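Chains: A, B, C, D, E and F, in written order; residue numbering restarts at 1 for each.
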Amino acid sequence: MTGPIVVINPNSNQAVTDGLSRALEPFRLGGGPAIDCVTLAEGPFGIESQVQSDEVVLPLVALVRRRDDASAFVIACYSDPGIDACRSVAPVPVFGIQESGVLAALARADRIGIVGISSLSERRHRLYMRRMGVLGRVAGERALNMSVDETARGAGTFARLGEVGRALMGDGAEALVLGCAGMAVHRAPLEEALGIPVIDPTQAAVAQALGAVLARRM
Amino acid sequence: MTGPIVVINPNSNQAVTDGLSRALEPFRLGGGPAIDCVTLAEGPFGIESQVQSDEVVLPLVALVRRRDDASAFVIACYSDPGIDACRSVAPVPVFGIQESGVLAALARADRIGIVGISSLSERRHRLYMRRMGVLGRVAGERALNMSVDETARGAGTFARLGEVGRALMGDGAEALVLGCAGMAVHRAPLEEALGIPVIDPTQAAVAQALGAVLARRM
Amino acid sequence: MTGPIVVINPNSNQAVTDGLSRALEPFRLGGGPAIDCVTLAEGPFGIESQVQSDEVVLPLVALVRRRDDASAFVIACYSDPGIDACRSVAPVPVFGIQESGVLAALARADRIGIVGISSLSERRHRLYMRRMGVLGRVAGERALNMSVDETARGAGTFARLGEVGRALMGDGAEALVLGCAGMAVHRAPLEEALGIPVIDPTQAAVAQALGAVLARRM
Amino acid sequence: MTGPIVVINPNSNQAVTDGLSRALEPFRLGGGPAIDCVTLAEGPFGIESQVQSDEVVLPLVALVRRRDDASAFVIACYSDPGIDACRSVAPVPVFGIQESGVLAALARADRIGIVGISSLSERRHRLYMRRMGVLGRVAGERALNMSVDETARGAGTFARLGEVGRALMGDGAEALVLGCAGMAVHRAPLEEALGIPVIDPTQAAVAQALGAVLARRM
Amino acid sequence: MTGPIVVINPNSNQAVTDGLSRALEPFRLGGGPAIDCVTLAEGPFGIESQVQSDEVVLPLVALVRRRDDASAFVIACYSDPGIDACRSVAPVPVFGIQESGVLAALARADRIGIVGISSLSERRHRLYMRRMGVLGRVAGERALNMSVDETARGAGTFARLGEVGRALMGDGAEALVLGCAGMAVHRAPLEEALGIPVIDPTQAAVAQALGAVLARRM
Amino acid sequence: MTGPIVVINPNSNQAVTDGLSRALEPFRLGGGPAIDCVTLAEGPFGIESQVQSDEVVLPLVALVRRRDDASAFVIACYSDPGIDACRSVAPVPVFGIQESGVLAALARADRIGIVGISSLSERRHRLYMRRMGVLGRVAGERALNMSVDETARGAGTFARLGEVGRALMGDGAEALVLGCAGMAVHRAPLEEALGIPVIDPTQAAVAQALGAVLARRM
């Protein structure tokens, strides 16, 4: 029997984990692997700074080691914290949502745009995409400049997403990646409003995990 | 209701289509979209040359236009023939197995290797990967130099896959893409033998199609 | 005796072919190869979409096979349709005007700009230039957004060329490529008006064909 | 009336200039521009080191300023000495044979190889091709490691060219550039022997100059 | 008064710190800043794995916060652990020895080679250099495949350095970076033996720190 | 005993040399090498054009040959004139201030901006940085468009530096390089005003020279 795909929310905000789980409901299919969304108890309430991102690495490694029933892991924070460390200890594939979101978008368009939460993360994302060797296909990143909390809640979020999305289209983006784990609820309406593919990175990572897990069944 | 993912075998060899369908069996899940594998009647019996690859473009476009029930398309020939044309007419996502196979491998390793069928295709693949902007992560391509038919049948295929795979590992590859639509049956044993991820590109494309289709359900 | 350089207009508009022939008149020199401009009878009246571009590939291959007297071929549509297929069957060099135009411009300036006809082609050209590995030297592409027909005829064309050319200079372009087979008549006046090199891609391709053909005489 | 294309041999060896002139004989066509091959009197007898290459810059600039009848210039030394300075003072196009040779090869094959004279120049050529932004298409450079004089004269030159050319094909080269002004005589036989395009860079530069000059006649 | 340059050895092996301090003795000049070499008490005895590298990040951040007298920091482990986090909290420049070593080598040669300790780190270094955008100038990395301890002590180290260095020269390296904090003692003899520049990365980082600190005095 | 670091001002304006010497005063430390600033008598009064830059190459080579007491050379003109030639004859390291300034900035920020004197040099700098392979990390270059003389003297220089620096920050620059040998006096105030690192390239080159020279003492 195939073990679950374990999706880890590295912050300790259970509401975020619950939102992830709802966004992944369509990926729970008859006969397919379970999709377990878990909260990293040791994580900060939100991950916004570099130091917070580094704080979760060792707890993530410990969790990955503990969950030896998993068939794959997804680290559901857009900084992909601990991706190298978790990969070095996991016997199964580990997906980071930034990497997966970007790769999924590259299958849908030539030049992509990143909708960030805060412009403070732009540099971190850029370094990561350059490390991936795909920066030549990135039209740009623009930030909502709202807090994670606001984006989760605020009524103005969708309007702001539209604004930022259109600005990225002006920069040349032909598909967008939502640069945050908690905005899946806006994916479809934004895609509808803008007329170009919009990728939720957690869904993208889970689809890739599903692909890896199901391929092993043949 | 979600329409089927339509996987098109652009050559007219039904045995290849049947093989694809078997390789995709694990991706047919309860509540998920159907996965329809269809043969392009107008295609040549096998696609090996550039001209054969170009011959199928218009028939593919016609098929894509006809199948307006599809929720996504997969073009299951490693040259990704007609990918631009099909995308320009399809109202739903179109995936090429070369592009999808390469992107899936990039989520599993830093440098990847391509196991080609014939060294005659190496240049075509290289140009396509440079167009994708990911050539910097390709350790190399090496060919089995067997006919598609031989690879489908021949007892020596697996041994040759091992040889070529190990040579690519020597070139620096940390994951492999099978550069052909019809070798899924060898994926798992080769992965086992080599100890690094091996990607079947049709499975990879279907996983990405599944991701796009399921995301629309939320 | 050296055979003719065969310049193929892949659309079926004879007026375009006649214009090409006039633009190439200066390249018909005493003792040099003939320059035959031919119309692809099977082509659409104009090539604007991806599908139209793909429609001409097999007829081009057939024509190339038929014209075994040619010393070189030039495919005179800026999408370079069928370039790979024609090269795979021709025993003599085949030049595409996009590739040749871009390479000619790179010998005249560091960063180049492309004057497109329609912004719908921008993505196609970008993918082709990335495939060529030269995108790092492209300052940008901007489109006239006039129909091929209008550009061939309209009085406003030159004014619009000036506008678009100056905008590309603002983007950093130090030489321009006219991204269309039928604008040679504007080349010299535009170069004069802007003060930077302007390349007609058909002339560029024929010059390169001439170079290849003449080199064989020594 | 169109002025001559002035081809400058930056070394003071008249025999080299005479060889250049013979190699360019096929480019002298009825009604076309004259092709004047001139020797830089102030140049060293041969240019092999970086300092020798720098020594000819100011004399080249002076010559370019003097020859105000030229319709284009070609600097016929594979280091392209003084190319930036000459371009900054010439009112007409200036072509360097390294740049032109490389660009001509890129129109004939995807990956190219450079046949150098001495491995001491490999670094200089690499820096120049990286500056051009085309290093991603260079399979490699390999040197004859014979003196310019030997290559001009020696019976073993052709055999050595074949050896080096085949080694470059092993590196992935699909076309070759002769990395020296004086080997045109070997171009056709080498192309014949290896079965891939071989470019003489001076012929390539003159073809490009011809293209620029003739285009102005329309 | 200028505060000290604080060089942090992120492992808890005091002998390594002492060796660093000796290697930096020439950089302690009259009137210049002090160079304080400190041991990270919380670090593992050696840093070889990805997880060990991640373990030191938060202790490094704490140390950087504590040492508010520093005029600059150097993180003296070739993985540059915690470089992003330390930079995000330090009010003064922070240098990582990998980054500094590579940049110093780029000022001495066109293509560089990395002498690693273990081939297990090759991928980590490659990702870091791609993130830096300089991978195009890296001829390769080859490992001694000795433990850090062995390299610090073993008589065979120098011989092995010579072997690996020569192999890298065969790959095209024109300067070498010692990919480890503790091999400064071999720098000069290896440079002498191989005839190309050899960079000790800690010395390189301290020189850059010195540059930053002294520039502020004017 | 270690010889002096010889810093060559390639123009013949002694006031510039004197300014360099003052800017380097902090780098003259007890027990460290002397830092000799010398004027190239044969140089033009200022180097602004490509030809002027080429004019100083041979005199620089002669000076480098003459000063056999030097432990390292710095060529203190932002075009790095003669860098290849001087390196080919010097038995000790030669640093160019453009190369050194850019590399120093890359150790301080991800994307850098260049403050040029005149927009006429932008192309020359771009070609040089592309040759270095680091153009992907350059956010842009913007020029003061004042003469060297004005910048050395004029009261408006600092205000203009601020304007240009802020515009580069808008382009994405996170550190700046002063693209001229004579603006060290503005470095600290500009860094203070803008809040990002500002690099004086001559100080950067001398720091790197110091690093190379001091490393040899161990």
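Definition applied: contacts are C-beta pairs under 8 Å (C-beta built on N, C-alpha and C of every residue); 3 or more make two chains touch, one makes a residue touch a chain.
Predicted model only: the values in this text are computed from it and were never measured.
Novice: Return the chains shared as contacts by chain A and chain E, ordered by label.
Specialist: Common contact partners of chain A and chain E, which must touch each of the two, are B, F.
Novice: Give a one-word verdict, same or different, on whether chain C and chain D use largely identical residue numbers at their interface, taking over half shared as same.
Specialist: same
Novice: For the sequence-identical pair chain C and chain E, determine the rotation angle of the Cα superposition and round it to the nearest 5 degrees.
Specialist: It works out to 180 degrees.
Novice: On a C-alpha centroid basis, what's the spacing between chain B and chain E, in Å?
Specialist: 44
Novice: From the mean C-alpha coordinate of chain A to that of chain D, what's the distance rounded to whole Å?
Specialist: Spacing between the chain centres: roughly 52 Å.
Novice: So what's the Cα centroid distance for chain E and chain F, whole Å?
Specialist: Chain E and chain F have C-alpha centres separated by 25 Å.
Novice: Using the touch rule from the top of the page, what residues of chain F touch 2 or more other chains?
Specialist: Within chain F, residues 127, 130, 133, 136 contact more than one other chain.
Novice: With touch defined as at the top, which chains are paired up in contact here?
Specialist: A-B, A-C, A-E, A-F, B-C, B-D, B-E, C-D, C-F, D-E, D-F, E-F
Novice: Could you please specify the touching residues of chain A with respect to chain E in the complex?
Specialist: The touching residues are 49-51, 54-55, 57-58, 61, 82, 84-85, 87-89, 124, 127-128, 130-131, 133.
Novice: Under the definition above, what is the set of chain E residues touching chain F in their complex?
Specialist: Contacts found on chain E: 22-23, 25-27, 29-32, 93, 95, 99-100, 103-104, 106-108, 132-134, 136-137, 184-185, 187-188, 197, 199-200, 203-204, 206-208, 210-212, 214-218.
Novice: Residue numbers of chain E touching chain D in their complex, please.
Specialist: Listed in rising order, the residues of chain E that touch chain D are 110-111, 136, 174.
Novice: Tell me, which parts of chain B touch chain D in their complex?
Specialist: Touching chain D: residues 123, 126-127, 130, 135 of chain B.
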